[in-house]
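What follows is chain A paired twice: with chain B in the first complex and chain C in the second.
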Partner chain A sequence: MSGRRRTTEGVGYLRHVSAIAWKDLRIEFRSREILYTMTFFAVMVVLIFSFAFLKENKDGNVVEVADIAPGFLWVAVLFAGTLGLSRAFDREREGDTMRGLLLSPIPRSAIFLGKAVAIATFMLVVEAVIVPLIWFFFAAPMFGEPLILVCTLLLGTAGIAIVGSVFAGMLLRTRSRDVLLPVVLYPILVPLLIAGIKSIGAMMHGAPQESWFWINFLIVYDALFLVAALWTFESLVIE
Partner chain B sequence: MRRNLFYAAAALCIAGFAYTQYLIFYAAPIDRLLMFNQKIFYYHVPSAFVLFSAVITCGISSVLYVKGRQGKHDDIASAAGELAVLFGAIMLITGSIWGKAAWGKWWQWDARLTTSLLLWMVMVGYVLVRKYGGPGSERLAAGLAVFGLADVPLIYFSVRIWRTLHPKTSVVPGLQGPMRTAFWLSVILWLVFFVLMLATRVGTARAERLLEETRERGLDEGLFE
Partner chain C sequence: MKIEAVTISKLTKRFGRHRALAGVDLTLRAGRLCALLGPNGAGKSTLLGILSTLMRPSSGEITYRSDGKEQLAGAELRRQIGVLAHDSFVYGALTGIENLQFYAQLYGLDQSAERAAELLTKVGLDDKAQRRPASTFSRGMTQRLSLARARLHDPTVLLFDEPFTGLDRAGAKALTDTLVQARADGRIVLVVTHDLASIGDVTDHVVVLRRGKVVFEEEREQSFSAAVLKDIYHRYTD
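What follows is the complex of A and B.
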């Protein structure tokens, strides 16, 4: 119990969160399994999209890049993120370590936040590869407004990691979790994807005002689901 | 007493449905713009009412379940989730038939249509999780319902930038005479019908849960293998 009391202090709480996140990152940096597979998968998604959607119209012009590139980016990030989420939580299941985590004298919300931070970090690494790749392949103006790009990616990634970690955590003990994760995750993430795609799209079209509107929307989304996640994770993830 | 009330309401539904058919097809006048097509309105809008009642029932019971973790709230949530999928399907099908007649297209990416479709997808996900998640899935389903409830305003807000083709809700208060009677009677009867189906489904869900609990208790005490 003393552990629980100690954690109510802000600094102690943050230390718990970073301990969990650091644990996941250290395991990952030893094998680099999730990072390599996620990145490869995301690159492949971008390539498949370009084969599917990059066509010339009757006049011989290629489709406007700013209209499609944001969609490529976000769908690749989302798919790769789903992959990373199932894998990161599968590790806990395979090692049967989730019980250990839940028994440790730290609040459950700290476990959840630590996991979310680790997964967001994986996704940001993938994005660091995908964004230059889209710029490279499609000559998309990705770096016109670096601040908007960074804010949109950070907030969008945080949202996917928050909602994803809750559901992946709850799915840990259920059957057929790999198919059920997208089933529960994607409908909830639709507003986030719309905002992310619109924000990057507006940035490419040179309309920063619109981008900032969507960035504010992402802040609201993240805040709302962070509260919902902290509340539900505490009571729904039990062994 | 409760059983009698249930049968009385069921009888009311049967008689009322027959009467509304008469009202819809004979008493209510043909719409000047949409002609006979407008009749689907008496089925489409009540099913939307029921969908949203079911979603709200499911969401609130799930919030209560997350808070108190009592089985009875979970029974209501699961029954309402299934009914939301059923009535949502009716709403989407009748709606696209109406859309084809009114706009010439089966589907439009309008804010209200998109929100309803995504909400319906959340509920389909809810039922899938409950059906295929195995033991422990009711917790995940409750979490999904809570998140889905929080998501609705965000979905609506984020898709609203597209133009809105769907008739405004101001159509409903403007209804006159027999159209108005037929419409509101339909809505009320559909809602009563929803409550009846909900009550029935909650009964079976509770019986299933109690049976499962009894079986587990029996296993714990070594009464059977």
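What follows is the complex of A and C.
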């Protein structure tokens, strides 16, 4: 009986998470404000870096850049993700809807998780645009090991969304939140970024074993921060 | 499960070195409309924030006694509380109906579409208005939508924080009627407001806060008139 009750509670929890996520996605489908902003910003980052850092040899061919492409990919994803986080939580300030969510009987951690799922979705859409751009502008072999690429992007995106949502929620009522969010978020994301860069770099160099090591690292990183976030979110948003 | 009384005991709230509430003792009962008065910075919104579970007290206790005599807490408690504040808690990009359906989902309510439409009609939002994005609503319409949202889950405790702000006379009258009906239905109603005219003749419990302390409290069988409220307010806050 207790097992069945836990299953029911689990299904209910996931329903609440999906209600929050679907609400964000539905609003975004109508306005597309966050998606356009994130995508435009990420594309500009890739374009600017491509002009700034690429070298051509005497024949006009792009010099091998497998080493720098992963870094630029994650910089673009991180900056676009930060923009998305900031905007997604700003939406909860308009009309003070975050308080409306906190007043409801759903577990408060479900609010965080629902927001994280929505933001991760936005980021994945942006990545679907910029990964081909990086392949094109940097002549980077991004699609040699698609499973490694997908796993790395999914886990890295999930990590940014999880950690970012906690801090964005915490800073929601802070005056300098747009400045503070990257200041508090980026140092914590350094291990994730290193793992993401190393994984894709190794993939490009034909070293999938190394990539899988870093993917396992990302799994552990995401799991640790997910548990910490679920545990602490309520205490961070309730004064 | 219905909340019959809310007992606040030695409630304190500090924000850093600033003490917003300094040992508040108060009991709110079902079937009573309590006006919480006081100057700006007295701690009224802080008290409301703690009562609604949006804030934690620094010390002290709040007991929500249900008709089964047990103490309510957590999700069960939040299911019993409805809040109407100056901010609407609604999403501008969603229509009136969509906002209520979303909140109905969070409160686990069945037949959310029907209930939402019924409530919106009750608060005076017609079918056309219900299907417009909430960002196109006037202040009065937004307040009505917000009222529908606060009542959607049939709460037994209704907390209103400056609900009359920005309302015209008709809107204020409609809101006052809602407060009276809620009291008549046996709910616990607490209103924070500076609009003494709107709550005159409907309030039967008055509390005045000043610098985080209760400086006046009285319950009557008959309501306090607006003139009496004004006199109490000036006597204890000037």
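One rule holds in what follows: the second predicted complex is superposed on the first by the 222 of 239 C-alpha atoms of A that agree within 3 Å, B and C clash if a C-alpha of one lies under 4 Å from a C-alpha of the other, contacts with A are read in each partner's own complex, and residues count from 1 in each chain.
Here is the rule we use: contacts are C-beta pairs under 8 Å (C-beta built on N, C-alpha and C of every residue); 3 or more make two chains touch, one makes a residue touch a chain.
Here the structure is a predicted model, which is why all the values come from computation and not from measurement.
**Student:** Superpose on chain A as described above, then tell me if chain B and chain C fit or clash.
**Tutor:** clash
**Student:** With both complexes overlaid on chain A, does A:Ser31 touch chain B (first), chain C (second), both or neither?
**Tutor:** After superposing on A, A:Ser31 lies in contact with chain C but is clear of chain B.
**Student:** Identify the partner contact of A:Leu47: answer first if only chain B is touched, second if only chain C is, both if each is, neither if none is.
**Tutor:** After superposing on A, A:Leu47 lies clear of both chain B and chain C.
**Student:** Give one of first, second, both or neither to describe whether A:Ile106 is in contact with chain B, with chain C, with both, or with none.
**Tutor:** second
**Student:** Now for A:Val75: first (chain B), second (chain C), both, or neither, which partner does it touch?
**Tutor:** neither
**Student:** Given the touch rule stated above, what does A:Phe225 touch, chain B (first), chain C (second), both, or neither?
**Tutor:** It touches chain B, and chain C stays clear.
**Student:** Of the two partner chains, chain B (first) and chain C (second), which one does A:Ala207 touch, if any: first, second, both, or neither?
**Tutor:** neither
**Student:** Please name the chain, chain B or chain C, that touches the greater number of residues in chain A.
**Tutor:** B
**Student:** Check whether A:Ser176 is in contact with chain B, with chain C, with both or with neither, and answer first, second, both or neither.
**Tutor:** first
**Student:** Quick one: is A:Lys23 in contact with chain B, with chain C, with both, or with neither? Answer first, second, both or neither.
**Tutor:** In the superposition, A:Lys23 contacts chain C only.
**Student:** Once chain A of both complexes is superposed, is A:Gly95 in touch with chain B (first), chain C (second), both, or neither?
**Tutor:** second
**Student:** Shared contact residues on chain A for chain B and chain C?
**Tutor:** After superposing on chain A, chain A residues 238 contact both chain B and chain C.
**Student:** Give the list of chain A residues in touch with chain C in this complex.
**Tutor:** Residues 12, 15-16, 19, 23, 26-27, 30-31, 91, 94-97, 99-107, 238-239.
**Student:** Give every residue of chain A touching chain B within the complex, in rising order.
**Tutor:** 163, 166-167, 170-171, 173-176, 179-180, 183-184, 187-188, 190-191, 194-195, 198, 217, 220-221, 224-225, 228, 231-232, 235-238
**Student:** How about chain B: which of its residues touch chain A in the complex?
**Tutor:** 66-67, 69, 118, 121-122, 125, 128-129, 132-137, 139-140, 142-144, 146-148, 150-151, 154-155, 157-159, 161
**Student:** How about chain C: which of its residues touch chain A in the complex?
**Tutor:** 15, 49, 52-56, 75-76, 78-79, 81, 83, 85, 87-94, 98, 102-103, 105-108, 134, 149
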